[in-house]
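In what follows, a single structure is set out as structure tokens and then discussed.
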Amino acid sequence: MTFTYHRTVRFQDTDAAGVVYFANILAICHEAYEESIASVGINLKEFFTHPPIAFPIIHANVDFFRPISCGDKLVVSLIPYKQGVDKFEIAYEILVDLFVVAKAQTRHVCIDTSTRNKREFPDEISEWLETNRKDREEALRRKSREVM
Amino acid sequence: MTFTYHRTVRFQDTDAAGVVYFANILAICHEAYEESIASVGINLKEFFTHPPIAFPIIHANVDFFRPISCGDKLVVSLIPYKQGVDKFEIAYEILVDLFVVAKAQTRHVCIDTSTRNKREFPDEISEWLETNRKDREEALRRKSREVM
Amino acid sequence: MTFTYHRTVRFQDTDAAGVVYFANILAICHEAYEESIASVGINLKEFFTHPPIAFPIIHANVDFFRPISCGDKLVVSLIPYKQGVDKFEIAYEILVDLFVVAKAQTRHVCIDTSTRNKREFPDEISEWLETNRKDREEALRRKSREVM
Amino acid sequence: MTFTYHRTVRFQDTDAAGVVYFANILAICHEAYEESIASVGINLKEFFTHPPIAFPIIHANVDFFRPISCGDKLVVSLIPYKQGVDKFEIAYEILVDLFVVAKAQTRHVCIDTSTRNKREFPDEISEWLETNRKDREEALRRKSREVM
């Protein structure tokens, strides 16, 4: 029920140690975020190219559990959480063959790009957050029913 | 009939001018090459991670016809050409909405990575080149029949 | 007294929002780490290219306080902290014109790359950690003398 | 006499084959171009961040003569050539320990970014081209005197 993004690890993602360069995992998480907002109809070009309203990342963190290699088929699942009227956080889980190989988080703040002041979410992002909240609750309900 | 690779332009592919950073188009072409060799059963991890035989690029070139933006749906088509027993060249065409936005070429040489001397293609690459040659000729035959 | 690394922000570090792409700040921190270990005589090619002993990152985090633009002159200062016999953490502070624009941390574990098991630090890394510890304590002593 | 740029190869520039990822050499050449235009007083932030006049690359090519490793000290020399009133080309040579490891070229066209139509060079770029032309001719004169 949570949004998932499929991504093959590319040669350019790797480094001379033979595995994925650490910072590239955060970039792959951001790709999943892009795919998620595109999935609710948001136009990526307008959203990301010199936009009047933007959602810069103010914090990111990532934990690595296993090395990730060229050709690995990543499954990135993503859950956004609303934090007040002008902030959201996204939790990412990256799997290869059902093993969690990394986990990450990004925190975004909504700003007016001309002033760089915080502002309330525009409707399209509120709806994306709401859609994801419903999907998450639905998934939890189903899970708890299975347990009973 | 030629191999095609579909790729959405990501935020990280762009630069402060608002469009794709030029060198990233060559990286996207390389992704298409990776996908093409994976499609004939070659294991990408073994092929690209400290391999005994490698195919380093000795030349690359790219021409840009239109700016490419975040969110653009690229279709990369690729044709490899055998050049003797130890070299091949790949021609790439990148389209957005049926328009050619860029063209590129990469030239690869087959080497033994321990000595870095040239060597003949291993079977799996000979087969990949042969499969692509047949597909290309088949496509040409069909085209010429359509003309008649 | 702490190690500092100077780095101009490049066009390729930026994205279509006009500022540095978030994950690239972690890559710039890693450059400072590379420069720091090179400064104590460690050979970067041997250290990073298919080495028998490696120091993969198991955790990274970054906080952004101000947008960073193409051409900005970054000053990255770095303090490594030993954590037991097989782990270390590095704290980074990134300044532009004396303002802290970002802070980051990376946590590294020492492994034998053939088995990927943890192992004790080799001498050169113990010495790098020790050199940095002494510099840090010296800086603190000087600071406390200035206060008195 | 020609402009030179010094750059240490970073871990993130490399790939799982253990050497620099091919497209990254073009990015390093672009860094040399950025440094060259900064050296005549051009403000990089204004020049590259959503500018009214831009110089997109319409062609690039690169030849590789030797593998390039993490830690290698690159010396990139660069010569720009004016081509009419709205185009210029830059030739790059990349050396490690006095050996040429790669050569590259980029071709740029001057455009008005609002219309994306070609336009004549602004003064600052004409001056940068002229400064480089004089340096080049001076270098050639000196060389020919040495030969006599």
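As written, the chain order gives the labels A, B, C and D, with residue 1 at the start of each chain.
Throughout what follows, contacts are C-beta pairs under 8 Å (C-beta built on N, C-alpha and C of every residue); 3 or more make two chains touch, one makes a residue touch a chain.
None of these values were measured; they are calculated from a predicted model.
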Checklist line | Result of counting contacting C-beta pairs for B-D and A-D, higher pair | finding: B-D
Note to self: Among the chains here, which has the CA centroid at the largest distance from chain D's centroid?
What the structure shows: A
Margin query: Centroid of chain B to centroid of chain D, CA atoms only: how many Å?
Written below: 26
Item checked: Distance between the centres, which are taken as Cα means, of chain D and chain A, whole angstrom -> 36
Check: Counting only residues that touch at least 2 other chains, which ones in chain D make the list?
Finding: 11-12, 14-19, 21, 23, 27, 30, 48-50, 69-70
Notebook entry, point to check: How about chain D: which of its residues touch chain C in the complex?
Noted result: 8, 10-12, 14, 18, 27, 30-31, 34-35, 38, 43-45, 47-50, 69-72
Check: In their complex, what parts of chain A are in touch with chain D?
Finding: 11-12, 14-19, 21, 23, 50, 69-70
Next item on the list: Could you pull out which chain A residues touch chain C in their complex?
Entry: 15-19, 21-24, 26-27, 30, 48-51, 54, 56-64, 67, 106, 113, 116
